[in-house]
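Same chain, two partners: subunit A is paired with subunit B first, then with subunit C.
After this line comes the complex of A and B, so read on.
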């Protein structure tokens, strides 16, 4: 939905690796502050006595009494003046003290450790799968613009882009699990469980990256240096490998940064749909259950994951394109 | 200098629609006619339950069948489109106005004001959009306005960035300098020089923005942190009808199809991706 901090926004410090890393570090701090502030507002802004509401969520509606509510109030510092509590809240965040989940009672950090592994596995599988589908298809289409492959892949890409990830996932479940019975619809543990959620995310990512690769390849194929490589006698294969691939790779990788937004957003929805025990699933459950420390922890990890992945994309661009290093 | 009157730019240039844009406009027009036509032509309440007539196949009395509570799917779909499109329109307008205004100011003035505004825009982009909307939705669960504020907060940045970049380039252009030297006011300069250049891009962004607003709302409804039942909302309808897929696959397919056509029409209307 939104765009990543584009490389041009961070061009001010361009020289060297520090120039790549410094703005991202700043962004990470910003993410932590925003998540902390929003979740703090969350504990304050709800109607009714928050202590009772959280206690009701934790012990069940029938078990709430003043004693339970007071315990919650002390734990979340709901009795202190707002400004005091706010700085205390941020201080805890800075010390990576995320508190305990209000539902399970486990430390948030430990729960996040479990979930992060699952989410990263899913995201990695999705990105790899999308890289296997998207760019090769796009490069092939870009070598012959207006060819049959180009047109078909354009139509498929427009259809996939108009379908949100949960609808794609739903259709895949209905086709492969319910109707054909080939793959499990939801769950976790075996490789077969990974296929549908990863494919759901990958299809949407590939729909965009195939078009980006196609446009990049079409541009490269029309560039003078590409024509020259053909004129000087290199075969189609060699000119593609020596002159086409790397030049076309730069926009594809740079665009991965924009797609990360989509990946993070998709993880929330797709994990919920497939009951995948990852961060996104946990975030949605925490919101439904009013588990404030878990909301803060999961949102924080997802935001930081977004920053880390963006940094990786920046670094790969930096390595791929020597023009950026000297600019 | 002899053809001074030859090029009169309209203040609201309506670009000639390409083939795919015309298709998008047609699809969108049909959907909106359906959404606003149904309550006129067909007496149905999207919330009226008829528990003796659940999951009925499409028939003459119920052209699109009924859902698991016997509610008319025709009425519910129409209401859902009105809700989604209305929300998208509202958030696009409230995102575009400050986005354009601040973009022009930042691009025109430059200096510290530009840096402050750009800093705020970057801060809003630090979190992925849906995450921000999710957190706001958590503050006020099931509240339409929380969703709307979150979505508008994410959308305005795109207008701001595009408009700021174009304005910066235009502010230094010879034609603007000439106009300024002739003593025209800022309002005139905006109408005559800036808006005609900005309008096509802003309209493209608006179409994409509407599509992503609709998708975000449906996604939140789907994971049940968005609007609450019994609201007729596309994502919510999908998740409600999912358990009845075996008995009523057509009912399940309807909200998916509607969401698909709605987003596709907006994407087609937007034309070329500005990115």
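After this line comes the complex of A and C, so read on.
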């Protein structure tokens, strides 16, 4: 395919890569500082006494009392001025030290490592599943705009995207666990446990990516170069493979970046529903217990994850579309 | 006979035919595991039978031998001596010695927990016994030593500064994997001092959402599921593969009232609020357990503390109106009572960790509206009740108070009401309320071990609390569980100290 393009466009894929990565690296630093500062300010601004909150998180509602709260306050030096705590945190961050969880006393890094693995596994499974479902359906629909497949998939996609992940997850559990008994309802540890939560996330992702793929394909199918490929005698299959797929892929991949917002938001809900020990679940609990280092750690990881994933999307687009490399 | 049943159980467990014995027993409950420390997550290890306390409880909820076989109080009541059980080994193979027990209790004492309530002076090992010296006589010590914050761990469980790095207990099950905050797997400990459990291994999974727990029971993912939401319970009851269990707990949904608040300082005002509550309606409609309606603080399981009042008689709207009328409240134009131009308006704080509390709060809002009292409900975190108590900003607080944290409700009562007439009240109890009689009775109960005196004083305390209403009961808790028919021998511990998994066996 690249042979058909002009020589100036056949630069090596590495050219212009620095232009992609450098701003992203700067962005990562900025995100880390902003997320950390914001979570710090927000958790301090929340109503309620932090020492009592942390004591409730640690010892449970039966055992939280003034004695426990004062012990927590003394142990964690909570009455030091906020500015001291903030600069202390910033200094530790620059040394790649996220501190210890106020509730469990474990290093935040270790807890995040444990949870991030679970979340990434789930997210990856969801994205792969959605790529298996969404784009193929969309491409097929885009080749025959207004066809039966196009209309049906449009309705299904709209419904799936409109339903909150919580509802989709419950329906899946009712069908596949309670009624059919094929898959476990919740929990983790075995591969089978991944399927339902991943599918819950994947269905909503696929709903959008199928429509994006459908529109991209429909545009490509109506483009003059596509018509020309047919005119010059290429069959439908070869036209699609040589001139359709790659051109339609760019918007699909680029849109994946936007959808990752949904993934990060969806993980919080889905992890709680399926008792999945990931980072979204950890964030919810950390906020309830006012576990500031954990909130900062999880928010930081989620923010950085967003930057990393967007960088990956940029890189894939860079690979897919030689026109970008001239920049 | 015990030996026969023991070998029979062992034989059953080893039967190669029963395929069910190959898999672990799956237990699901809402409570997350914070770590290995008994002060934060001790209840999980106690319930999963990993670690044990010096004092156990029997079926009637009374103190019974645990790791200590006997205990005695000195003449002046200021020294307790606990004789330890022989031939007990920790899961790491080290023996249970008096030194290990004393060190473990010292660690428990240094952290927030149940032992805060005891005037402990010193803990020391003495031969095969542990001696606890007190600053003043304290009859309740054995009961406190049954609480999960006093679990006995091996010396190697503790790292620097008393941090618990590993959970090494003495129970019939040992920890196999621990993955906080959700999962704990345990396997049978072969050198257990007592009867060997029939089931080889078990896993505990913390699942926060009630819907998910119910679905796990329904789909067969879990063998035992604790704490079912009222809506799911009816559905699970129709399943042929499950049996439902329910057991009243000594945990009571109560609201505490700030007795220094100008609207609430007269006991008649608090009684009027109590008389306006439709407890049977809340129990039947919201909690779906008609017998949960609580006209008094202590349920029947707490023996002498229970008065036997009638739930239906606890509601009398006309009398409530009369009482408020006596206090000078008059019906205003918007259907809200007014006094000196001010509306009768209060804020009730509660929290959502226990999903029924916000529901009960809105029911109170509705029922008091009928009386002409306007209630704002603020749903937050459980810690806002003790912190609001401390800074004096709390008006009303709705909570679920466990009077059976230890086998004797006195432990909780001393914390909630106090024994010093000049400084009464507690974070989860009375606020701005004083009663010298009650403080004196509690103080006597704390020191005197004579059963007749204790019964009489318990009755007096219960009646006084019911008249003065520093805290007002609404409903008693029911522990609920859905259990797979693949499992036999299930029962609920009314004190929630144990899941009794060592008594379970796979059905044939």
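Please note the rule applied: the second predicted complex is superposed on the first by the 272 of 327 C-alpha atoms of A that agree within 3 Å, B and C clash if a C-alpha of one lies under 4 Å from a C-alpha of the other, contacts with A are read in each partner's own complex, and residues count from 1 in each chain.
Convention: a contact is a pair of C-beta atoms (placed from the backbone, for glycine too) under 8 Å apart; a residue touches a chain by one contact, two chains touch by 3 or more.
These numbers were taken from a predicted model, which means no experiment stands behind them.
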- Using the superposition on chain A described above, determine whether A:177 touches subunit B (first), subunit C (second), both, or neither. second
- Identify the partner contact of A:85: answer first if only subunit B is touched, second if only subunit C is, both if each is, neither if none is. neither
- Task: Scan A:195 for contacts with subunit B and subunit C and give back first, second, both or neither.
- Result: neither
- Figure out whether A:65 sits in contact with subunit B (first) or subunit C (second), or with both, or with neither. second
- May I ask you to decide whether A:275 touches subunit B, subunit C, both, or neither, giving the answer as first, second, both or neither? second
- Message: Let me test your reading of the model: by the given contact rule, A:288 touches which partner, first (subunit B), second (subunit C), both or neither?
- Response: both
- Does the superposition put A:316 against subunit B (first), subunit C (second), both, or neither? neither
- Query: Just subunit B (first), just subunit C (second), both, or neither: which does A:140 touch?
  - Reply: neither
- Query: Counting only touches as set out at the top, which of subunit B and subunit C does A:55 meet: first, second, both, neither?
  - Reply: second
- Task: Jot down the residues of subunit A that show up as touching in both complexes, subunit B in one and subunit C in the other.
- Result: 170, 174, 178, 272-273, 288
- Report the residues of subunit A in contact with subunit B in the complex, numbered from low to high. 1-5, 9, 27, 30-31, 34-35, 38-39, 41-42, 45-46, 158-159, 161-167, 170-171, 174, 178, 211, 258, 260-261, 264-265, 268-269, 272-273, 283-284, 287-288, 295, 299, 302-303, 306-307
- Query: Which part of subunit A faces subunit C closely enough to touch in the complex?
  - Reply: 47-49, 52-53, 55-69, 71, 103-106, 114, 170, 173-174, 177-178, 181, 184-189, 272-275, 277, 282, 285, 288, 290
- Contact footprint of subunit A on subunit B as seen in their complex: 118, 122-132, 134-141, 154-155, 157-158, 211-212, 215-216, 218-219, 222-225, 235, 238, 242, 245-246, 249, 252, 256, 259-261, 263-264, 267-268, 273, 275
- Query: Which bits of subunit C are touching subunit A when the two form their complex?
  - Reply: 31-32, 34-35, 37, 39-40, 43, 111-114, 116, 149, 163, 179-183, 205-209, 211-212, 215-216, 218-221, 351, 353-354, 380-384, 386-387, 389-390, 399-400, 402, 405, 415, 426-428
